[in-house]
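You will see two complexes here that share chain A, one where it goes with chain B and one where it goes with chain C.
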Partner chain A sequence: MSVDKKKLEEGLKKYQNQQKKLSLKYALLSAAGILGFLLIWQAVVKMGLVNEARLPTPVTILETLIYKVSNESPDGSVLMVNILASLQVALTGFLSAIVIGIPLGLFMGWWEYADRFIRPIFELIRPIPPIAWIPLVVVWMGIGLQAKALIIFFTAFVPCVINAYTGIKLTNKTLINVSKTFGASNFEIFYKVGIPSSLPMVFAGIRVALGNSWSTLVAAEMLAASAGLGYMIQIGRTVARPDIVIVGMVVIGAIGAILSGLLSLCERRLLKWKVNR
Partner chain B sequence: MAEFEDNRPLKVEVKGLTKRFGDLLVLDDLNFNIRKGEFVCVVGPTGCGKTTFLNCLTRIHMPSEGDLYIDGVPADPRKHNISFVFQEPSSLPWMTVEDNIAYGLKIKKLPQAEIDRRVNRILDLMGLQEVRKVYPGELSVSAEQRVIIGRSFAMEPDLLLMDEPYGQMDVKVRFYLEDEVIRLWRELGSTVVFITHNIEEAVYVAERVIILSNKPAHIKEELKIDLPHPRNIADPKFIEYRNYITDKIKWW
Partner chain C sequence: MGSKQKERVHAILYWGLPVLAVILIVVAWVLFSAQHPELMPDPVSVWKRLIKTFVKPIGNTNLFGHAWASLSRVLLALLIAWAFGIFFGILIGWNRTARAIFGSIFEVIRPIPPIAWIPIMIMWFGIGELPKILLVFIGTFVPLVINTSAGISMVDKINISVGKVFGGSNMQILKDIVIPTALPSIFAGIRTSVSSGWTTVLAAEMLAAQRGLGSLVTKGWQGSDMALVLVAVITIAIIGSLLSFLLNKLEKVVCPWNSNK
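Moving on to the complex of A and B:
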């Protein structure tokens, strides 16, 4: 028995080592991909195939990035201030979309009355592109944080509602019946079965919402801002500094990836029961 | 149809149970009784309304006419302790094995100490102690089904309904789980209604078999299986029962 166990443990260790090696290999491959892309970019610009005034090299961009960490020119704020300003706008809109959108979707998906009552309004509002709200939002709220956050809210709200709605609609009927035969009330079934079973879809919705809100940022900051990554990009365009524009883009991309990674972490913790058999 | 001599008290009375879906008559005036602690199998041809019958018992569907009484009172999942093992796997994937087993007990708001006691007992009986903290998705399908069966028995139900619980399993696993159900049934004294289209399975587990006709289903015959457990499927008497029921179902 103990010999068997030892053998098993040895086998497991071997397997884990193999897996580690494999994942290291994959990580190296990914890094090589990015590096290769940057090298080609650098080479193309240096060889004069593209005018350097239009497309700066990766090295220049890195220099500008380092420069922006401690210098305010040309847009008037250091990089960190811009990042924080953008995060504040994006997260305000994003989080309020989650707090309002997901419960709304869940209620609509579970209670027929709520569905019939709310869905027509929702379906009318849904196809309106978030940017079309900008003029109205300016009239309502001016150009402050609230106004920008509201634009972001509109882009994040729709996927939250739709995914929560679809997720809870897809709840396995058998699981509902199991709870019914145990004598659970409808509300009990809603929060004990409906909500947990909708979570994978809800997370997918949050992911889309996060992407939307981060990518609408530039548009929202066009509303007139005094700081922010979108604002920095605008200024970069105005003063014809493509390196500033690209630094803004890169930082937006990187922060987006970090936020998405954090979300994955949450998802893995909350959905650790989800196993593909 | 002779009443069998059985002095256990009546647990379930089904009186004139009829179910229509629109024009479609599915169940036609079913009448029978189930005694406390009895193990009854319902067999019938595929599509004859076996599942509809069970769904009426649990009030997932309301009967069109007639009714079902438990201890003389119309059945009500809120009042009675009914447990259902469905055809499809029905464990809650986001709960661990022990939480799954405790699920119904928590809905019934039993005291925590009692929940712990029963969960532990079922984990012991089903040999699931080692995987109590594991999620159902990490188990094999047959182990998951054991969790579901354990969950139903943990309720110590007035009535345990099983709807072809082993439909999707191979022969070996099926016999194993059938033995398991019989063991739990004897250990806990639950009243069981077991639905299947597998005649061998019915003869293997049941004390009494109710044979349904083709749709619209009515009761063709009630048959007492007078064999001791554990049963031997090669026993001539066993085969006789099996052939008899097969003929009854074939003959329409």
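Moving on to the complex of A and C:
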């Protein structure tokens, strides 16, 4: 018996070592993939296969990025100001969509009459791509923070409502019946059973909304703005500076990735109870 | 008697409320446009503008021509993206080495929104058809790869082991076990890719194009012709809903086991 146990432990150790080696190998391969991609890019441009005025090398892009941290040209703001301007717009629209959209979706999912009344209005707004709202909103409200935030609002609002609605509709009927048996009022059940059980779906909606907000932001700023990352890209294009354009793209991508990472963190914190089930 | 009365109230509310909502929207539109004609054209002038797009074509083609210009761009890009995206998704979902090498590059490029590619595409390729199709390709490729590779890597290990025990080759396991299991997930990718493509093509056309619904929006906007903007936006919304309706129908044909969930 003891021999067997020893053998088992040895085998387990061997297996764990193997797994460790494998994950190291794959991590190295990933790094090699990215490095190789950048090296090929650099080489292709340096060898003259692509005109450097059209596609700057990764090294140039890094230099421009460092330059933009403390210089205002060509778009009139340093990088940090642009980032903050974009974040302000995106988060204003995104947060107001959460504050309005999620309660609305929950409400529609729980009370049938609310659903019957709001749904036609919602279904009229839903199929319009947020980008198509830009001209209308600009004519109504100009190009200030409110106008851009409203465009972001439209894009984040739809997934918030749909997911909150679906989430609360999927509430386990048994749980509802148990609460009724114990004498809970309809509102109490909504609050204590419906909302918690809809949370995973709500979070999925928030994730989609965040992605939408960030990508629509770029469009809003390209069409009408005076600062922000999208504006910086647009100016980079007008003055024929591809390095500025690519720096803008890289920063937008990086911030998008960071935001979605932060959201995952929140989700794991708030939905701890779900994992343990 | 009491329950019957209750039922009647329920029926009135059930059918009355949606009708009321639609009426409210129309009334709000008419009232608002009567007070601020420069901000919002009234329904009648939108209708007249719609007729005018056929009588007096813009850019040598009527509304259908513009819609078809947008649609054909999306369709062409979608066909290319479906072929490459599903193949690439299967590759990085199935082979860990490929996932390590190419997946990492993909993960770096993925968070850049397709719309952010527009300026650089215009700088590289001008404002012809190629940059627009490339843009839609980028916008549709990403969701396809994510969904396909997720679907492939979520296949139950036991099913793969059974395939191995019964002497299936790697290729056979992939073809007969893994891909059918991942089909609903791949279809979710296709669905996302269509709506993402439809949005991206509009953005591309709004920034630079002669034809297409997006260019109509920009033309109306620049010429302060809000009726034209509304005609274009409504057409865009209708086509978008039709596309998602068609996909729903298609999903029931391609993976019928998925709709009962």
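Operating definition for what follows: the second predicted complex is superposed on the first by the 240 of 277 C-alpha atoms of A that agree within 3 Å, B and C clash if a C-alpha of one lies under 4 Å from a C-alpha of the other, contacts with A are read in each partner's own complex, and residues count from 1 in each chain.
Criterion: a residue touches a chain if its C-beta (ideal position, glycine included) is under 8 Å from a C-beta of that chain, and two chains touch if they have at least 3 such contacts.
Model, not experiment: these values are computed from the prediction.
Once the two complexes are overlaid through chain A, chain B and chain C fit side by side, free of any clash as defined at the top of the document.
By the touch criterion defined above, A:58 reaches neither chain B nor chain C.
When the two structures are aligned on the shared chain, A:131 is found in touch with chain C, with no touch to chain B.
With both structures placed on the common chain, the touch criterion links A:188 to chain B but leaves chain C unconnected. After overlaying the two complexes on the shared chain, residue contacts for A:103 are found with neither chain B nor chain C. Once the two complexes are overlaid on the shared chain, A:214 sits against chain C while remaining clear of chain B.
The wider contact with chain A, measured as residues touched, comes from C rather than the other of chain B and chain C.
After overlaying the two complexes on the shared chain, residue contacts for A:178 are found with chain B alone; chain C is out of touch.
When both complexes are overlaid on chain A, the residue A:31 reaches chain C alone and has no touch with chain B. Between chain B and chain C in the chain A overlay, the least Cα distance found is 13 Å.
The interface of chain A with chain B does not overlap its interface with chain C at any residue. Against chain A, in their complex, chain C makes its touches with residues 13-14, 17-18, 20-22, 25, 39-40, 96-97, 99-105, 108-120, 122-124, 198-199, 202-203, 206-207, 217-218, 220-221, 226, 229-230, 232-233, 236-238, 240-241, 244. Those residues of chain B that touch chain A in the shared complex are 58-60, 77-79, 82-84, 86, 88, 90, 92-95, 103-104, 107-108, 135, 137-138, 141, 155, 161.
Listed in rising order, the residues of chain A touching chain C in the complex are 25-27, 29-34, 36-37, 54-55, 112-113, 116-121, 124, 127-136, 138-140, 214-216, 218-219, 222-223, 230, 233-234, 236-237, 240, 242, 245-246, 248-250, 252-254, 256-257, 260. Those residues of chain A lying in contact with chain B across their complex are 172, 174-175, 177-184, 188, 192-193, 196-197, 199, 271-277.
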